[in-house]
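Chains: A, B, C and D, in written order; residue numbering restarts at 1 for each.
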Amino acid sequence: MIFNRSIAFALSVGLVALFVQVSLAYAQDGSALRVRLSSDIRSTDPGTNRDDNTDAVVLHMVEGLVALREDTSVGPMLASKIVASSDGLRYTFTLRDGVKFHNGAPLTAADVVWSWKRYLDPATGWRCLPEFDGRGMTKVLAVEATNPKTVVFKLERPTSLFLTTMARTDCGGAGILHSSSLDSDGRWKQPVGTGPYKFGQWKKGQYIDLVRFENYASLNGPRDGYTGGKKAEVEKVHFMVIPDEIAGKTALYAGAIDVFPEVRSADIAEIQKKPQVKIEVAPAMDMYAFLIQTRDPVLKDVRIRRALALSLDLPAITEAVTEGVCQPNSSAIPSSSMYYSTVQRLGYRRDIAQAKRLLADAGYNGEPIKMITNKRHSESFDSAVLAQAMAAEAGIRIDLEVLDWATQLDRYTKGKYQTMAFIYSARLDPSLSYEMISGPKSTQPRKVWDDSLVQEKLAESTRSSDRAKRQVLFDELHRKMLEDVPFIVLFNSVDAVGLRANVVGYKSWAPAKPRLWNVHL
Amino acid sequence: MLSYIARRVALTVPTLLLVMVAVFALIHLIPGDPAQLMLGDAADDATLSQLRQHLGLDRPLTVQFARWLLNVVHGDFGHSITNGLPVLPLLLERIQVSGTIILAAVTLATLIAVPAGLIAAWKQNQTVDVAIVAGATLLLSIPSFWLGLLLMLQFGLKLGWLPVVGYVPLSENFSEGLLYLLLPIATLVMIESGILTRMSRASAIDVLRLEYVTHARAKGVSESQVLRRHVFPNAFGPTLTMIGVILGNLLGGIAVLETVFTLPGIGRLLVDAIYARDYPVVQGVMLLTALTYVFINLIIDLCYPIFDPRVTT
Amino acid sequence: MNIPNLLSVESLKLISSVNGKTLVDNVSYNLCAGEVLAMVGESGSGKTLAARAILGLLPPGIAPSEGRILMNGEDLLQVNSARMRAMRGAQIGMVFQEPMMSLNPAVRIGIQMAEGLRLHTQLTAAQIEARCLEILERVRIRDPKRCLMAYPHEFSGGMRQRIMLASVMLLKPRLLIADEPTTALDTLSQGEVLDLMTELAREEGTAVLLITHNLGLVARYAQRAVVMNKGVLVETGDVKQVLYSPVNSYTRKLIEALPRRGPVLTDSGVKTPLIEARNLSVSYRDNKPGWWRKGRVRKVLDSVNLTVHEGETVAVVGGSGSGKTTLGRAMLRLIASSGGGVFFRGHSIDGNNAKQFRLACQLVFQDPYSSLNPRQRIGDIVAEPLKLVRNISKQEASQRVIQTLQDVGLDGLALRFPHELSGGQRQRVAIARAIVRRPAFIVADEPVSALDMSVQAQVLALFQSLQKAYGFACLFISHDLAAVEQVSDRVVVMESGRIVEQGSRDTVFDQPQHAYTRALLAATPAL
Amino acid sequence: MKAFFKHKNGLIGGAMIGFIFVVALAAFFWTPYNPLAINLHIRLQPPSATHWLGTDEFGRDVLSRVMAGAAASGTVALLSVISAVGLGLFMGVVAGFFRNWVDRVLMAINDTLLAFPGILFALGVMMIVGANKWGIIIALGLAYTPTVVRVVRGTVLSIREKEYVEASRMIGNSELVTMLRHVLPNCAAPVAVLTTSMVGWVLLSESALSFLGLGVPPPAPTWGNMLASSRQYMQSAVWLSLAPGLCIALTLLGINLLGDAVRDKLDPRMVVA
């Protein structure tokens, strides 16, 4: 009123002028796809300093000798032919013709050898090194280029998982890099790979830009997972770091982004109702489960564990927390796996009376059981809340403890919990799925299922490549698991991706990684 | 004056040192570590210890702290564990974002709140006053993230006037950059002007009771002059203190808004770093915020004599 | 009187809109140009409200309901706010009581002084500055140029009141309202400021409405006086008539309350010294923030020698800043001395007799509002000193408290809180607390200067009667020579931390030796 | 006019707080539905005659949860404020009264705490002590202690210059007695005013902590965690966020009105920074 009317006036004029400019600032010409990232990537170096988002971005730029197909089986990528020796100790890869790196250099066997030497060097810090240096799965004794188009891998012991592990997304798909990815001091610069997009710009904490690689040589054939039929249709992919779910959702509605991966299942219904957006859903392989510490004084009694399982209405939980998008699955094997058969469909059926009987037998007297959960994964959190209410009906008292993800991981790694709502990341092979849960607790406290018989069967399944034989083993394991109740599997996640209505060609898939080739506006 | 500043700065050294010890202790007391986070559900012992060694987390804590401190003295804040970036440039970049928002919002809030408070005090217990006080109280009663989201839905989504996510530095493109900042600034202005209005009203009421105001009126000075010249300078002291408190609180509190509006600011950096157990970043941010806090207080103290000549430095 | 009235107030009535109470009722008086009219009354008499109504500066919620205020025939209660603002400052100036509060601390003096001239005249900036410098010189401010650039806090109270006076008289108002202009000042500054004021008023022909509770000032400076009591005007007339032959009983009561010289303790010299200060010095260190730095040293008490005998009242007089309060505190060892020492009954005070000394000494403060813990009941306040006396039973103690409250005239108030009492009653509580332990020595630091005239007289009388009953010695610190004259046996005059003169009361009052003493006496207004 | 408004504001504020208090108390014994009872058949239903404020994502009755939330939020707010005030009063009085090395040490600690951004400090503390009701009380209590210390110390510094403190020494009381009997009780007014505003701040902080991922754990509802989790449904089920949001805002409004009245009553001049 008495304070500088003129300043107020100037301010309001300025604001109006700004609003007018908005529309200009927003002009979207269709040459770039804007994609939400829930957190910034950690590096551009495949399989080293990484997390899920890092893998997703990096796998647009680099490709390995083999890669995942749409059905999560493994197929050749940069290799045109793969021959394994009968003893399983020698793999010969023939490279595809005409493949070029982002810098124009042709792909040769020497590049493969160079890349693998680098991965096998502990200084690189490759996340999957333990699988290849003898500590884990096997040991790569040598990687040799027998001619410019042929590379031979020699292994110490045979394994059915060699190619599968190579194709793992968290290993960066063992992407083949050109040596110019490093600077003259051998430090990481940026990925010079063979993927359909090349590195553009990384504004830390804000966005990563990938640019179309004009000389990309796609593996012929139809679109198939990470392997064939890849075509970069937009000039630019603009990954925007938007950690807050709701902000991301609003951005999608407002048209500030085109692709919103990792839609929480609870939001799927809401998104479907909006005319300007649509949603793509495919079953995925992450596994939601309640882990139970079998060494806990209360929970070491299998009757109590069983009672807990019987007290839960697992289909209802799945229905509620995923808005009916996911199917319940009580098996460690993802429902999208080819090993998922009738036996794997067996699960627990809610039976409060039986649960109460078991509890009474075990002498359970309402001792509180702590269940750890976290707010990072809302499905997991919601399941815990529901489980708490359902278990209460059977007289089991669950106290929830909400931790941040890092703290929960610490508890998980140390086995320091009674129960926890947990998410296992995707395992591409049933053997890997069982490996992830079973093992000796004394040396690997994170393992939930400590049983020597299980270990044996598991080892057997790893050695064998015979599908029928393996299926028998997995069926046995599943039956045993339902009996022992070391953990309760809820469901496998879905890959739900929100899209602006004008986005064409996007497909969600089991590994739940966004793929922005063959997509246009 | 200069020696006063020098003395004040010297006085802050023990505080800062204590802050750093406390931060270091606190962050390492929190369970979990970056190696586990990186490896997730498949963290076997061998890989874990290899990674810890790689990150230098296997050394005793005292050694880690001493090394860090020594490096900081030499201007090296270390590298982020999360993305390997040098911490210092990261901090400087991030604090610009938060700094812009905080300073703009607090300045605007002051420009709105102080006159509003004066007018309310002047019209004490009349309709205008009741309206201003009710409005101010309501504003400061709303959780910032809620208000931010409401504004975002209204102006970003419904009306489509303003962008809902993203950030462009003002130095790159001023008008576009401003668009991204308008909503967060508006949210902050609304909330902080609530607090400041009440503050400025309360101190203006105190000043209005004093004799020199009556004296000025007895000289025939008009009411607006009385408010501007005699009430405002004397009522601004407590408001200035409050501004200092707000600025200090916002260094951390801005994290909430930065999350809502997806801004790469220092608050979000800190929250993310805490969740990611990115020790060098947490320590860096805390050192920077503590320094800023000390600096703000120094500035406020140096500003005091302008409004109250009785205070000497 | 043949001079036309400048101001005439006719049956003014002020009421509060909060509770509908009548605060000022049917007040009428006139004032001619060049005349000084004193408005006399105690706190709560409505004199300030009646005066502020002239300027329309009543506190919110108080409004005139009846009457007229005619200034040159114009009714000030009817004019609009613009006209009123034009009158304020230019026609009617006002000087306030509290010089510490009436100048804006945040604005340079030059700007504050120029404000009125800028509003009411068309003078240029240079002319304004010249006028300001002129009048500052006139009110005897040293270095007027610097003064214009300075802030109020850089000046003492007396100086500020002169600056205030200058800035008001700068506009040559027709009427000057002076609301207790010197109450907050010490005797010397009081005289100087009022001399200046009447001088300037005479020169400009300005009429003065002097609001005061001090009858001495009325006698010295005013020609006519009106007396107010509880919102009603009780007496009007010439100063001589009002002061020397008052008609109204309230006026008579006021005049009777004036201090009179009392009898002196006769057999002095026989008794042993009770307490003695030998070369007592106190210095302060300016405190600056910092862990290591130390501030500058300032000496406030400089080698003072003073003896107080049993049962005797020694008055310490001096202006503000003379060190008299410090002397009192130092003799009670509430302040650490930096040199010399205090001797109690001939012994230096150390660990052995410190406790005993503390139990034998008490202090009565100036401000009865801050000297009582607002969260304690009166009875508890008075009983507290007894808790530290060892051989006294609970029953005895409560007996003693009741007795003491009776002594000070507060029986039945033991369960009240301080804020429920009047200023005079509070000071009685403070006295009760001081005497309840039957001390040998009491320091009374300006014990009545915050009280109204009639209350002052009562409290002084009480003090004297208690001294007679319990025989304690007293160090009576005051700037009010009238009160000193009434109660003291001996007088000590202090200036800048030193004793400049001491002697028996009659000697000091009747034959002052030191120039400072003479100035003090001359500045003390008396009837 | 003046007194009328003041009186009225304080009364309205008092009535609001009183009402919430009664509701919170009642919620310990009775709510329309069990606030924890999940009913997956009636998820996310808008307000209706059976569920006055609708249902949430698990089909729980929002009204019942808001009521129970009043109790939980109130307990958290009161207990954290009490712990902050207790600790702060102790530190502040000791520091302000002794003004020697004790003061310096305590103030150094306090400055250290002040230099932490409050809400993030609370976040860190919660990560250590655990995300439960007690964790949040400890975290917020600690986070707000420095503010109390500052106010109390400032008050003590002004009180210790009061003549009744000198009178207490004059009587011969020990420093401890002087502090307990004459200084401490007189800190009550500013502390009371600070306490009222702090209850509001703590309510807001609790919701901010929930927003940042660590609040009072479920299923126990607090307004903070209800508001934080309702953000998700801002588009599809706006009543979920309106109920707790308005509760927080109205409570703060009431607290502020009441606080103003308390301040006016205790000390019209006091300004809490």
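By our rule, a residue touches a chain if its C-beta (ideal position, glycine included) is under 8 Å from a C-beta of that chain, and two chains touch if they have at least 3 such contacts.
Computed from a predicted structure; not experimentally measured.
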Neighbouring chains shared between chain C and chain D, ordered by label: B
Per Cα centroids, the chain farthest from chain A: C
Pair of chains joined by more contacts [C-beta pairs], B-D or B-C: B-D
Between chain A and chain C, centroid-to-centroid distance (C-alpha), Å: 84
Centre-of-Cα separation between chain C and chain B, whole angstrom: 48
Distance from the mean Cα position of chain D to that of chain B, given in whole angstrom: 21
Distance from chain D to chain A - Cα centre to Cα centre, in angstrom: 42
Two or more partner chains touched - positions in chain B: 30-31, 124, 149, 153, 259, 275
Contacts with two or more other chains, residues of chain C listed in rising order: 60, 291
Residues of chain A whose C-beta touches two or more other chains: 246, 253, 404, 407
Full enumeration of touching chain pairs: A-B, A-D, B-C, B-D, C-D
Contact footprint of chain B on chain C as seen in their complex: 52, 55, 57, 60, 85-90, 92-94, 96-98, 101-107, 115-116, 119-120, 151, 153, 164, 167-168, 171, 289-291, 293
Chain A residues within the chain D interface of the complex: 245-246, 249, 253, 264, 266-267, 269-270, 273, 316, 319-320, 374-376, 378, 381-382, 384-386, 388-390, 400-404, 407
Residue ranges of chain B touching chain D (in the complex, touch as defined): 14-16, 18-19, 22-23, 26-27, 29-31, 124-125, 130, 137-138, 140-146, 149, 153, 198-199, 202-203, 206, 238, 241-242, 245, 248-249, 251-253, 255-256, 259, 267, 270-271, 274-275, 286, 289-290, 293-294
Touch list for chain D against partner chain B, complex: 1-2, 5-6, 108-109, 111-112, 114-121, 123-125, 127-128, 200, 204, 207-208, 211-213, 227-228, 231, 234-235, 241, 245, 248-253, 256-257, 269, 271, 273
Chain D residues within the chain C interface of the complex: 1-3, 104, 162-164, 166-173, 181-182, 185-186, 188
